[in-house]
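We just call them A, B, C, D and E in the order they show up, numbering each chain from 1.
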């Protein structure tokens, strides 16, 4: 998921303001004057939706938006396909086209081919069957009935609604309705997915399937995904970057690790406090450089080298690179047995290497079960670092 | 009468002035109708030819052929056996009581006027729903069309277009078109904005939104409008017969001057049969094609 | 409207107005039958109220014939049409003219013969209860807008009915007037008002014309009673009113023979009353009554047409 | 006529039989009206007295007092200055053109009939929405009421009740009550079931559900019904005047027989003024008390 | 939260079946014949909502219902206040009253006073303000305007919607709308709360506040809460017992620990697989009995005692009970120093005791940082057991 971020931004939001109410233009100056959302509401009955948002979203990235309920997430995402016009500000797409200046035709094209949306409250059409709902985006594009039904059927099967094609939305459960909304969005092949709490009504099993689906879509088709969620784990799992909103203002944008480990404000800190760090962080972010390298080929040499070190274990390297962990006692035992040969595989400890991209949570049991730091080895077999019990403990007890 | 105080009597325009105004307006209209009557009549001529031909078709074809055609249509449109059988029985009763020909004549004009009202009314309703300005113009116009008594414009229209089907059609349409316009407007305005937003988000054109979202979802209201339009068109049958439209209105009028109550009632019931036939068939059609919404 | 091209002898397409009261409907059907079979016209009937028919004839030259037009209704417009050479009076449809007057039910007169006179009525004013105001007596006038509204109003004034605590009730329309008569007769209660004959109502409900004791003063009636601007109306009985057949000028020129027939065709009140009674008895409409009339009154109608036409019509009549 | 084949002519009931039936039915009705007319008339007497008194009040009070009262009411109900000023101007024009008294008479009868229609119609609509059985009975009744020409029952009603306001009122109510019933029914049936379920879950009684959920949420539809009821009541003014209801209908009838178009038009416009006054005031009231729903 | 469960059941569901569709009664035999939900749907167009549900819910308990989307959770909960009538079966309340036999009056009473419901799709009244919506339950009960507004205002403030009282639902964000639904439910003081995914649209901060609120309500007012959620952490945090549904059938009912540690079927296992066990389990469920007890008062005695044991630490007890952890090396050092006195506090290790009710997650850092098992001490100071790294590792790596 973590892709090179030095691509050209796909969507750029500039100084975006949104004030809800009849006389928004008249009262917007209050926002500029720095009045708070509550003050403005009490004074004018207008609700501040967004305040001075500046953002860049890159092609192919999964951009997660989080924030308190009512902080303007849905409002922001609705601007991207211009379901609402901003009170002030602009949204540039493909880095130069201001969507506010698009002609009706162009806007339709954008909505049809480039963007597809999952609505927080589903937005299904009560008078159309599940199948027709799923195929709606395609039918708008004028795709033939046979073709769009085929595609919709496929997607319905993927979201687990096979058999429900002929039902109407009112006959479905909440989560099933949401999945119809998902199928509809996936059907259109748009390269930008706007997903407003798209998984909120799903159970954990289907939800994680859907997350996998999303990751796959993003990886194989390089879709840009803008995802609103309240689930921190989900955000951390899916997001390349996370934006945090508060009362219509953008508080912090950054990678999950950054948000987690360097929260910009107390608010963000409180917000991420409850996160399951063990699941959010990868080994990479926690591991330390591996110090104790044993390079002597002979057992004796290796033992000597190890004895100079403060710890009674070491990472054994030869010309082929990293080989494994050796314990001092193994070497001592071997020496005692009179073995004067070289260090070989049989001396290595029988532990699984862990990979830098492993989720911390998944390696905790091993960490607990092993008395020495675990070696972190990348998929090329290179030793990247070591993960000690104390560093894990540190990061888990941070807040 | 002497000395009217403005306190007790409304300060009125001078009677003579009023008469002068009336006379000059009346004169102007007369001149206008003499000048342009022919032209305007010519304009409506194709419609008249069609109406005449249609009526001839219904009246002159053998009754069983017409009956089969009607019932066939009812069934095709409504797909309801119950309704088709009911209508068959009612139509047979109508024929048995000797009202077949009049009923056919009324059927012919009313079919055309109802269709005209609906075909004109729904688009106007749609336009009205789109723009508050249009609404603010159309609403009072409809008020006038509905409450201005037909009697007021009956004679002027006759003056312009002569007696017969065209003025009849115009009078019926003027009176009956309002409900379908109003309720289409209302229905579209009440469509759930979330659903509409979803359509917009997927790039639906205004036309696609209209056809696939707004109209189906406002269907219960539109159909209520159609129902009222049908009812009102049929309630104009008698008035139309005052200006030369043949059909069931004439015996009704006769029965009232002659105090033949039963005859009036029978002919009135024949009108009701037509009303029910139009109404149930159209409602069944709407329900059939859009069952989910109406049971919503 | 496009009549000029037709040759003088050709009758062609003719439209006849069929008004909705019995005598008019009957006359229309007789005209239709005779014109079709005797003059080879292609006749089409057009239904309509007096107003619409009159207007259309004046302005549009259609329909061609109004077989029975009461001068009572829209006299002004018709006269204007005649003056402008758009219409032509063909002849009297009822030779005796229509009979107008103030009437009371016969059963009242049977009970109290004095009721046949205006004095009797005024004396018993209390009997004629007002529908909305118990303290007043009701005189049912002529429906608003008709010519008779003026005359009956003037007579109401001249007879000083107002002083006798009568109120002039506007029945709104013929229907209203008819309804009020029917109601009175079904319940055998007093009724006093304007009406005219020959009509279905007077065929059905026996009424007695109230005698004003003044006789008919034709001059006074023409100049004052029936004129809008009459300041000081005097009492007079109604002179017979004109019930005419009117055609468009175009028709008169186009089909002179047919026009000639129309100018001859007229009924006496007695004849008409007989047919009306028969119609009432049989709840017959104009078409049925036409058959009946032509069969029963051969002598009468053959006088309106030439022999050769009469033969044709008789033949057609047989074929029915 | 001879030899009619059933192939070309509808096999009819024998004419004599038909006549016999007609006559016996007519006779029956006549007997009925003779028997019960008085009683029924007596039953309506209080209403008649009220109507008469109300008309007297409007006609006999000084025009300025009535005008102030009307405008005051319009303002109180609608709370709209714009509307009140518009109505004032229109009413003054009506008076200036000499139609004050007729307008007052029409206002009196129409106020009562419209209120009656609404007051009866909404509860019937509610009942209809509650039960499919009631609906299946009421719907065809309404069809008959709306399409059976008033002319058919005008004379019988007069025969029963005499000429004047009561039969007028009945005719107007019969004709005008249908839309408000139908649209109340439709509106209530269309109320979002989720919202209704929430009310149920909190233990709302059927009455509470009705008053606080169903009626407010179906208000746009109900008001469309009220609007149509008002329009249709006012379109009956002329018909009512045919059976002796005084007011603006009479000059309209007069104008048609005498071809005074302008006069007809002016009186027609006075009717329109009343229609707009009733309609806008009621709509403004509904909007004011329930603004969220109508803008929904 | 964990209360004695030997109370009389408040709600008892017996053999409940729900088949959705026009001819449910006609087709219910298919359900009895054991046809699957999919088969029935394909064959008759009827959807199986619930199948033979038997359940008991106790007074004062928080009963969580979980399951796949479409498994019948909402359907089940709607039966409790009889928003739907079952196709077959009965629901007894207060252990004897079948709610199907209640009169209209009684049913209204039940709905007004005993139960209050939060709807999955909120079910707000679009024509009423936020305040009016919140006060709805009270207004139905006929509570005076002043009083109900006061209460509604309070609750609105608690759910964080102060200032929005006069807005209409359509002007609120999804989460705000859900909170109005919450305020409405809390307002009525009903003793049974039916909550259908009541927190699903809330952000983590407000969500955890609301959870606290719920716990408080349940503890102070002894409310019975029936709670549907898709969030396993939430379920484990709130639930006294959890029921798991699948395709309309009840698969397992039990305490969180039981569900987690002894899943009845593979389905349940898969369902709880992703749960953060460290957060779900308490120390109590993982700790082992503390073995190494040192009771000798003298240092020498204690050392001798310890040397007999396999490990080089021990839990020191005197007559006052448990005192702390002593390491062998401490005793040895003391002996070396010639200290012949008694074991005293100063010899104890400086570690925090952990409590049996601690969440596992919260003690992981300590576990990681300590070389010997942590002593688990209850709030009376009694040693309840020990928590070793390996038992933590075991339970965390279980699946």
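In this text, a residue touches a chain if its C-beta (ideal position, glycine included) is under 8 Å from a C-beta of that chain, and two chains touch if they have at least 3 such contacts.
These are the chains along with the protein names UniProt gives them: A, E = Quaternary amine transport ATP-binding protein; B, D = ABC transporter permease.
From a predicted model like this one, the values you see are computed outputs, not experimental measurements.
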If a chain touches subunit A and subunit C alike, it appears here: B
Averaged-CA centre spacing for the pair subunit E and subunit A, given as whole angstrom: 28
Distance between chain centroids, defined by C-alpha means - subunit D, subunit E (Å): 61
Subunit C and subunit E, separation of their C-alpha mean positions in angstrom: 94
Per-residue overlap in subunit D, given as positions that touch at least 2 other chains: 15, 22-23, 26, 151, 154-156, 249, 253, 255-256, 259, 296
Two or more partner chains touched - positions in subunit C: 51, 55, 175, 178, 182, 283
For subunit E, residues contacting two or more additional chains: 121
Complete list of chain pairs which touch one another: A-B, A-E, B-C, B-D, C-D, D-E
Touching residues on subunit A, where the partner in the complex is subunit B: 81, 83, 107-113, 115-117, 119, 121, 123-128, 136-137, 139-141, 168, 170, 184, 188
Subunit B residues within the subunit D interface of the complex: 7-13, 15, 18, 21-23, 25-26, 29, 62-64, 95-98, 100, 140, 143-144, 146-156, 175, 178-179, 182-183, 186, 189-190, 220-221, 224, 227-228, 231-232, 234-235, 237-238, 249, 252-253, 255-256, 259-269, 271-272, 274-276, 279, 296
Subunit C to subunit D touching residues, read off their complex: 50-51, 55, 73-74, 76-77, 131-133, 140, 143-146, 149, 169-173, 175-176, 178-180, 182-183, 186-187, 282-284, 288, 319-320
Complex contacts: residues of subunit C adjacent to subunit B: 1, 18, 20-22, 25, 45-49, 51-53, 55-56, 59-60, 62-63, 174-175, 178, 182, 200-201, 204, 279-280, 283, 285
Subunit C-touching residues of subunit B, taken from the complex the two chains share: 30, 33-34, 37-38, 154-155, 158-164, 241-246, 249-251, 253-254, 256-260, 263
